[in-house]
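One chain, subunit A, links the two complexes that follow: it is found with subunit B in the first and with subunit C in the second.
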Partner chain A sequence: MVIQIILLCGLVIFSGLAILLRDLIKAALSLAVASLILGIIFFRLSAPYAGVFEISVVAGLITVLFVLTIALTKKGDEVAEARLVKMAFPIFLILFLIIDGLVMKSLLQKIPALPSGPEAGAFGDVLWKQRTFDLVAQIGVILAGVLAVLALFRKKEEDGDE
Partner chain B sequence: MSNLWFLYIFFSALLIFIGLYCLLTMRNLIRLFIAVEVISKGVSLAIVATGAVKNNILLAQSLVITYIVVEVALVATALALIINIYKKNKSLDVRLLSRLKG
Partner chain C sequence: MVFSFIVIPLLLAAFLPLIGKFSKKLLPDLLTNAALAYLVFNSILLIKTIFNRGVLIQNLSWFGETVNLQVALDSFNLFMLFTISLVSLCISLFSVDYLEHYGHRSTFYALFLVMIAGMNGLVLVPDLFSIYLFLEVAAVASYALVAFGLGYDELEASFKYLMLSVVASAFALLSITVIFGLTGSLNFQAVAQGLQDLGARSVLGVCVAFFIMGFGLKAALIPFHAWLPDAHPSAPAPISAMLSGLLIKVSGIYALFRIIYSVIGITPALSQILMALGTISMVAAALLALGQKDIKRMLAYSSISQVGYIVLGLALGTPLGIAGALFHLFNHAVAKGLLFLNSGSIQHITGTRNLDELGGLGKVVPVTAGTNLVGALSIAGVPPLAGFWSKLIIIMALIQAKEFAYALVAILASVLTLWYYLLIQRKAFFGRVSEKWAQVNEAPFWMSAANVLLALICILAGIFFTPIFRTWISPAAEALARGIQAVLMWGL
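The block that comes next holds the complex of A and B.
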């Protein structure tokens, strides 16, 4: 229990740093560390496949994408954030902590969640046989993302006269 | 087990709050997408924790994997958009986007 609380606190601290740090590269790296911690939490919750995806894809690929974008937009970190925003953050955070602690426990008993009960079969059976349509949707989403990036980076067509 | 569920959902709500606060108050486009990432971490933590507590971890894992794939496609498209906006405006200030002419 203690290790879980430490991991969760680390996750929140690094996520907060990702938002509050002034340097965008450092912010992206602390986001990667937060993903790494989330991956470890998934492993501890006996969800190894989700943990592997979280560490390899989110902590790896998305961080690379973020660093690449930050490098391509060098002057981007000159955007001035309002000072009041960072100063007011701890106050709002403490307020939310109090509300979260008071309300969440009673909410959890009312919100319907995943059906409980022991599962049969292996992870492969659930992913490939029960959630087959999800895989089709994933292929569609990946294709849509690739086409969107291609469309956004296409060059202007030159006039045919020349 | 209920206490464990409460702990995880408490922290995932905290992550979602941090992301929403950044989305509502900050101006840098890249930072806004970092906030979207933080929110998505909170959501995936909530899904896996609920699955683990309710003995339904296999279904929760498959949902989270689908969610991560959607997240990657979203981030790739959004960062491509950000680069295009930077090329046009020479700035990442989100307030400049309100000056678009249709």
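The block that comes next holds the complex of A and C.
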């Protein structure tokens, strides 16, 4: 229980840092630490598949991409932020934590534990046989993401070529 | 085949960027329009099956192995699929000429098709988590499309839309997680059964509140509307038409009411809350629309207001109320699609959307002016256009249910609607032609053709109101009104 609370607090702190830190590299690393902690929490909640994906994809792969991208930017690319915006996030975070605490407190006793673990079946069975439709939708999301990158980072000089 | 509604747009979207390398214009135009025309045709073919059988459940097998690809089609989904296919076909016809501004046709169409696949998927799946996933498919594509012009305003609007939309998805996902925790299942039928057996009212109350916040944000109900008046006007005209005409209805209203009616079940208190939200949106957005100078911004506020009508009718929960709301959903999709496309034509012709700069266009561009008038009068509810009948049914349903106050507000909001639409007519199309616009030409062929097609649908749906209502709208409304009982009988 104590370890769980420490992990959860760590998750919130590092997620907050990821947004609050000005230095992008530090922010990306905080995000990686946050998702590493989330992965550990998944393991402890006996959801190993979710844990493996979280750590390998989010903590590993995505962090590498972030760091690479930041390494490619130049000095002078940073954007000044208004003071009001800087204030907004911490205020919302605190508000959210209070509301979250109140809601969760009232829910805690009322949600019964799952009858069986959601990952009761073999991973392949769950993914390919029970949640196949989700794969179709995920292909859709990835396709949309790729196309969005194609659309938003297209070369401007090509705009008038048709 | 029902799966084609998801598979065809997704496959075509995957290949379009490649096709775009060989043919910049002809093939992307042709293939996209052909695919959408096929989907319209397909949804018409399915009417008879659904009419005879009531509900169609299809499973797909993959090389002989059964996989859990399952779609459930009843008259309500079919009604939504037809509306999506029809309006998006008109919008893609409009895009043929409109995209000359932007270039990069294949990428645009690919994103457009992914958005349609996402909406079709959302409508077809009988599973809570899949609803969330397809919601994201449509949403991710729409963020990119809003920013497609790459100007400062577009990017800012897209960012704002992205941020609020992510919050909306998070609320919906949170609620789905809690329901999964309660029932151990995600399938509509199993969840409905599980919730009935469980009777956990207070937890379910929190879930419903999160659903209302999440999908209310997607549907831009007041007070969750802040993103819409920025996002919709900034997008290219076909995408504004798509967002206002279809996306807010599918990812907001359809998802919310499908879950409420088919999974959770409606209670009198919930009905009252939603009716109040609908009414506030209806009136406040109409008042806000009055002060706008930008045509597209005015139309965006009008969308919020009309969504209020639809929510009011659906939340009332009587068969007549639901039928009126669904008919209004169809009419608004067509008419608002028309008006946004039309605003694109106006911008193409004059280079501005500011009402104060326009004037007297009716004499120089009669097709654009005429179609705009039809769309405006249809939404404002002037007989014999389609919008009149749907508003009349909603108001009749309110009176039948003895909700006289709501009925009165609905009538007054309708007057407000007529007021701001007449304002557009007076400022943009009537009056003396100013020197500046005396020499302008009508919009290109496909832009005008799409406008005329949508205007004809507004007129025909009004004239042939009775058969359309009997064969299309009533069965869809009954499928929804039967609610949980119907879903439990699906026997998935």
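We take it that the second predicted complex is superposed on the first by the 103 of 162 C-alpha atoms of A that agree within 3 Å, B and C clash if a C-alpha of one lies under 4 Å from a C-alpha of the other, contacts with A are read in each partner's own complex, and residues count from 1 in each chain.
What we mean here is this: a residue touches a chain if its C-beta (ideal position, glycine included) is under 8 Å from a C-beta of that chain, and two chains touch if they have at least 3 such contacts.
Please read all numbers here as calculations on a predicted model, not as lab measurements.
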First (subunit B), second (subunit C), both or neither touched by A:A50: first
Partner chain(s) touched by A:F96 [first = subunit B, second = subunit C, both, neither]: first
Which of subunit B and subunit C A:G145 touches, first, second, both or neither: both
Subunit B versus subunit C as contact partner of A:R154, first or second or both or neither: second
A:F133 touches, of subunit B and subunit C: first, second, both or neither? second
Subunit B versus subunit C as contact partner of A:S106, first or second or both or neither: second
Superposed model, subunit A: greater residue contact from subunit B or subunit C: B
Common interface residues of subunit A - those touching subunit B in one complex and subunit C in the other: 114-116, 118, 130-131, 134, 137-138, 141, 144-145, 148, 152
Residues of subunit A touching subunit B in the complex: 1, 4-5, 8, 11-12, 15-16, 18-19, 24, 27-28, 31, 34-35, 38, 41-42, 45-47, 49-50, 53-54, 57-58, 61-62, 65-66, 68-70, 72-73, 75-82, 85, 89, 92-93, 96-97, 100-101, 104-105, 108, 113-119, 121-123, 126-127, 130-131, 134, 137-138, 141-142, 144-145, 148-149, 152-153
Subunit B to subunit A touching residues, read off their complex: 2, 4-11, 13-15, 17-19, 21-22, 25-31, 33-35, 37-38, 41, 44-45, 48-52, 54-66, 68-77, 79-84, 86, 90-93
Complex interface listing, subunit A residues touching subunit C: 103, 106-107, 110-112, 114-116, 118, 128-134, 136-141, 143-145, 147-148, 150-152, 154, 156, 158-162
List of subunit C residues in touch with subunit A within their complex: 6, 10, 13-14, 17, 24-25, 62, 66-70, 100, 102-105, 107-108, 110-111, 114-115, 117-118, 121, 125, 127, 129-130, 133-134, 136-137, 140-141, 143-145, 147-148, 150, 178, 180-182, 184, 200, 202-203, 206
